[in-house]
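First chain A sits with chain B, and in the next complex the same chain sits with chain C.
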Partner chain A sequence: MSARRTLLLAAGGLVLAIGATFLLDPFRNYQLALVAAYLCATAGLTVLVGLSGQLSLGHAALMAAGGYGYALTVNALTGAGVDGVARFLGGVAGAVVVSGVVGLLLGLAGARLHGPYLAGLTLTLVVAVPAVAASVPALQGDRGVRTAFDGVPGPLRSLIALEQWQAWVALAVAAVAVTGLVLLRDGRAGLRMRAVRDDEVAAALAGIVPARVKVLAFAASAVTAGLGGAVLVFVTQSVSPGAFPLALSLLLLVAVVVGGLGSLLGAALGAVLVVLLPWLVGAATDALPLPAAVVQRLDGTLASLVFGLLLIVLVAGAPGGLAGALTAARARRRTRRSLRGAAAPRPTDDPPAALPTTPSTPREPVRTPTEG
Partner chain B sequence: MTTMSQLRTRTRPTRTHLARTAGTLALVAVVPLTACSTPAASPGVAEETVTIGTHAPLTGPAAAGYASISAAASAYFDYLNDQGGIHGRTIEYVVKDDAYNPATTQTVVRELVQEDQVLAVVNGLGTPTHGSVVDYLNENGVPDLFVASGSPAWDDPEAHPWTFAFNADYVTEGKVLAHHAQETYDDAVFCVLGQDDDFGTDFTAGLTTVLGELASTQTYSVSNQDVTAQVGAMQAAGCTVNFLATVNGFTALALGTAAKMGYRAQWVSSSSGGDYPTLVGYLGEEVGPALLQGFVSTNYLPFSPDDPWVELFRRVNDEYNDGAPFTGNTVYGMSVAYTFAEALARAGEDPTRESLVEALESGDVVGNGIVPLQFSADSHAAFGGVGITVVDDGVQDYVGSTWTTDRGDGPVTPFDGEPVPLEDEGVPQP
Partner chain C sequence: MDRLVFLLGTGVARGTVLALFALSLVLIWRATRIVNFAAGAMAVVGVYVGVAVIGVTGSWWWGLVATVVAGGLLGLVVERGVLRFASPRSPLSGVILAIGLVVVLQSLLGIVFGQEHEPVPPPFSDRPVQVGGVPLLSPYDLFVVVVALGLLGALRLLFVRTSLGLQLRAAAFEPEVSRLLGVRVARMRTLGWVLAAAAASLAALLAVPNELGLNPHAADMLFVSAFTVAVVGGLDSPGGALLGGLTVGVVTSVVTGYLGSTLAPVAVLALLVVVLLVRPSGLFAQAEARLA
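Right after this comes the complex of A and B.
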């Protein structure tokens, strides 16, 4: 896909998504904004794991880095009398810088480690970041940093609700993040990442510097995760260590595997699951005639259980995740159709180059989340 | 929704553009319809029910200390409903778990307001958690009643006209405790251990207003379950009277740590972390009572064993709460439920969000504390005074006077009124 077409598609998709917000009530729009925020993170993660073959258990920490970067910049700008769009963009820039630097450092270390060692490093990060954030006075400990409230801009105020506006902003940021990743994936860098993932030695023989490629992948993935964190703070006006626990990191990873590793459609499906599954489980337990104590107990844990089951079922039944299953179904249908049609040749260019249906998916990324 | 399905089912690329244009046009046409939808006149109020909600930590690290509050409140609402409810309506209390995570609080409170259409959010728990939704609730004109936190932040009728506090605030508690300590202990070296947030800061501000500079000021972070360094520093500074702005778990931790170090001091705690039954639960039946002998704490709710309110709450707890352990949280949750019912009774036959707030601002709602509530149009602070409790032989009871003061540098003076008496079996009458 040419870069121009990608950009056009992204713009079209964004307009469509913004149009869709008119069909949703405020709460659904709020959920849509959360989906967009998590999509930034899952998209970055799926490119990192699926394309460059590096495993990160620490994406919640990168989201936190972006969130704190956003909040601190926004507060500094508020102090300097800046507000509105300039303040928001400044905050996003802060998020990009902070998460980018953390991602770069991680990537530099990551390029020297692989498999379980890199997983261990990122795991340390996700445990350490909330602990550091909780004990650094400038980050205001456990209660976190609050930011000023960004309402609907004046001219739109009579037209749309606050949640709808937040969904618009979140979708726009997610569109930028995902488009950036698509361009990266389809460009020369994406090719190099796949080469490094599949065989580092061969890639090096072909003139690629594997370490540089890996660091780039990590930094790009970190920046998009940071954008996700920034969107979360924009929507909720607060960032605190408690919002980015280890469980979220694992959930993000499970989400991209369930959605379909390496596929951006899978990342989107995963983000939807991260937001909707706990809510659906809560609604289901509320609807069942269970004693209050049981409902209380289930509320916090059943979603994780369902996620775990989904993961097991999908990895066993459809290793390509939901997106992979969809692509495979489409391919089967097309094959049937072309077989029915007289002499039409079987399509050979399907499925796309992405990982989901190829069995050569790197082993450790798929296996580790099941253990977590 | 036709547009959505239309868009989803499009298959051929040639149709994409057409469908997209049509879809967008249709969406634009829908704008005026959806955007102007306003909520019903009084959400949450139906023919026979009133629906309210709260956010509370039912899972996660804070659950151990606070999950019992909403359970106690629910039990009291069940009791009221069995007595016929308020104005013939039963009260439905929707409790959502936020795991003490502000991001989750945001989600569940939106769910309460937009999905469950609650009349009010009652007793949302926690300073950081509730702080993340206070703007949202006020923006949407949702009564935000009796926040379960002693932060003075809730008393700001100009910025947050819909928000009302419930706890006596931490500054008041600090000032009264400091005054009590000053009068009680001679030649004492005063120190404080506080949580590293508004709780600790506000409480310490109250202390220093009365006592001046303290010999040692220590802080802890909830995410770090070790206060050895802090207690050690207090011991080294020669502290003899230690104030605590700690939650129950950390009160127990501080006392236990000091005992292990062989460090004896007088411990004086804010009400948030001074609940005897809960502390014994943490410290264990064996050493708890010994460590807590003479332990001093503030309170503003009925707590004496023979108080009629406490007797009623014990009965309700046995009958509607499966006989759960009876602690300060039980009294707290039931008091919140009683106070809300009283506000609802005063809000008129057909309560609305506005009439609920009017009832509170009129000052007619007095609650059930040892001092009456002091809500008015200018003040959304709940209790202006607190009493002192001391543990003796395993019984935590009030001693001496009840004290009132302000959040500034005003004096601490004895309260000359009476606690609010129990009437009509705890069922508020209109």
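Right after this comes the complex of A and C.
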């Protein structure tokens, strides 16, 4: 897909999504804004894992970095008397800088590590970031940082509700983030990432510097996650350590795998599931005649139970995730159609490989003669 | 000074528990090349069973037996039911399956037992004993050190001195050759999971009285620290697990004592970063260790 076509598609999609906000009530628009915020993070994560083959369990920490970057910049700008669009853009820039720096550092570490080591480092990060946020005085501890209220701009005030405006902003940021990732994926950098993922040695022989490619993937993924964090803070007007727990990190990973690893459509499906599934399950348990104590216990936990089961079933049974299952079904239908009448129609069961395989990465690292 | 001695003492006690938990990760890594990211959640399931048994029988010792048995059984179920589906071609697939398992187990525990922190009293006094006017270890800490070191020693004997241990090691390092020589590799792999899960459950039971209490997330930090331990020690080296455990235990104890408990995770992160920058595959991961 050419870059111009991508941009046109993104602009068209954004206009359609903004049009759709007129059909939704305020609560649905609020949910849409949340979906857009999580989409930034899941899209970044799916590009990182699917394209460069690096696993991050720490994307909630990167969202937190973006959220704090946004909140601190916005509060500094408020103090300086700036407001409106300039303040919002300044905050977004702050989010990009902070999450980008954290992502760059993580990427530098990630370029040296592989598989479980990187996963463990990012896991530790996601436990440590709330601890840092809670103990640094400038971040106001467990209460977190509150930001000024961003209302609907003057000219639009009589036309749209606050939730609709927030959905617009969230959708616009998500559109920019996802478009950036699509351009990255389709461009030269994406090709290099796939090369490094599939065979690091061959890529190096072809003149690619694997470490540089890995760091770029991590930084890009971190910046989009940070944008997601900024959008969350814009919508809720506060950021606190408790908003980005380990569970959120796991949920983001579950979302991209359930949606279909490596596919941006999958990331979108995953983001929708993250917001809608808890709400749907909540609505279902409210509708059933259950005692209040039971409902309270099921609140939140039942949704994650469903998520976890989905994840296990999908990884074990349908490695392409939801998006992969859709493509596979379409491919099967097409083959069946083309084979109709031919002798012995054979289902070509070749779903897209979801989990990147890294045949070149020594699975027993210490045995290589250069190490240890 | 007194305070430092006391912190070192509790650090050693915590460190041996971490070493036991980390050994569980090392066992599974050696046998299957999977880091069991679900180890914490699995161990907590064992502890819930154990605490229920303590409640019924009134005996802490029956609870300990129940924890170990439940942990081992869960290891069996998880290996046979979930992680055998991990693709051997992709190092990520095992991690992702394990994460799914964490989410499932923790939400099941939350649904059945709720999210409250349930206090678990230790079987011995946890007030420190004074030695020459200096507060040192509590009897419970001493008990923890003895049990954890005893178990580490027993596992070492099992692996190095018995024919079963030889088969376990052979199945982990040369599955193809071992199969040709008549080792039941799949069975050894399952046995490795059972041993590892039982050890992790016991470690979690020993750690819980010193934590806030029992809750579905009680072992999250234990797992993160134990992972750090396993990396510091090298994921391949059981001896490294003990040394790494003592290091991480003492570091977290001293940081908690002087700077507050919120900074303990930061100290763990810092330690992990430093070690990984110096040696990306752990301090004690060496060719010799792998041959053992």
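Everything that follows uses one rule, which is that the second predicted complex is superposed on the first by the 332 of 372 C-alpha atoms of A that agree within 3 Å, B and C clash if a C-alpha of one lies under 4 Å from a C-alpha of the other, contacts with A are read in each partner's own complex, and residues count from 1 in each chain.
In the analysis below, a residue touches a chain if its C-beta (ideal position, glycine included) is under 8 Å from a C-beta of that chain, and two chains touch if they have at least 3 such contacts.
All of these numbers come straight from a predicted model, not from anything done at the bench.
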For this session: State whether A:T301 touches chain B only (first), chain C only (second), both chains, or neither.
Result: both
Exercise. When the two structures are overlaid on chain A, which partner does A:L14 contact: first (chain B), second (chain C), both, or neither?
Worked result: neither
Problem set entry | Contacts of A:L77 with chain B and chain C, given as first, second, both or neither | neither
For this session: Please work out whether A:M63 is in contact with chain B alone, chain C alone, both, or neither, and reply first, second, both or neither.
Result: neither
Exercise. Touch check for A:L45: first (chain B), second (chain C), both, or neither?
Worked result: neither
Exercise. Once the shared chain is lined up, is A:V281 touching chain B (first), chain C (second), both, or neither of them?
Worked result: neither
Exercise. Of the partners chain B and chain C, which touch A:A134 in the superposed model: first, second, both, neither?
Worked result: both
Exercise. Between chain B (first) and chain C (second), which does A:L162 come into contact with in this model arrangement: first, second, both, or neither?
Worked result: first
Exercise. Counting only touches as set out at the top, which of chain B and chain C does A:Y117 meet: first, second, both, neither?
Worked result: second
Exercise. For chain A, which residues belong to both interfaces, chain B and chain C?
Worked result: 131, 134-135, 297, 300-301
For this session: Note which residues of chain A are touching chain B in the complex, please.
Result: 12, 15-16, 19-20, 22-23, 25-27, 30, 34, 130-131, 134-135, 137, 140-144, 146, 149, 151, 158-164, 232, 235-238, 240-243, 245, 279, 282, 292, 296-297, 299-301
Seminar exercise, completed: Seen from chain B, its contact residues with chain A in the complex are 1, 3-4, 7, 20, 23-24, 27-28, 30-31, 34-35, 58-60, 67, 71, 74, 96-97, 99-103, 106-107, 110-111, 114-115, 127-128, 131-132, 135, 139, 196-198, 221-224
Problem set entry | Residues of chain A defined as touching chain C within the complex | 49, 53, 55, 57, 109, 112-117, 119-121, 123-125, 127-128, 131-132, 134-135, 246, 250-251, 253-254, 257, 297-298, 300-302, 304-305, 307-309, 311-312, 315-317, 319, 355-359, 361, 363-367, 371-372
Problem set entry | Contacting residues of chain C [partner chain A, same complex] | 29, 33-35, 37, 82, 85, 87, 89-93, 95-97, 99-104, 106-108, 110-111, 114, 220-221, 224, 227-228, 231, 234-236, 260, 262-266, 268-269, 272-273, 276-277, 280-281, 285-287, 289-290
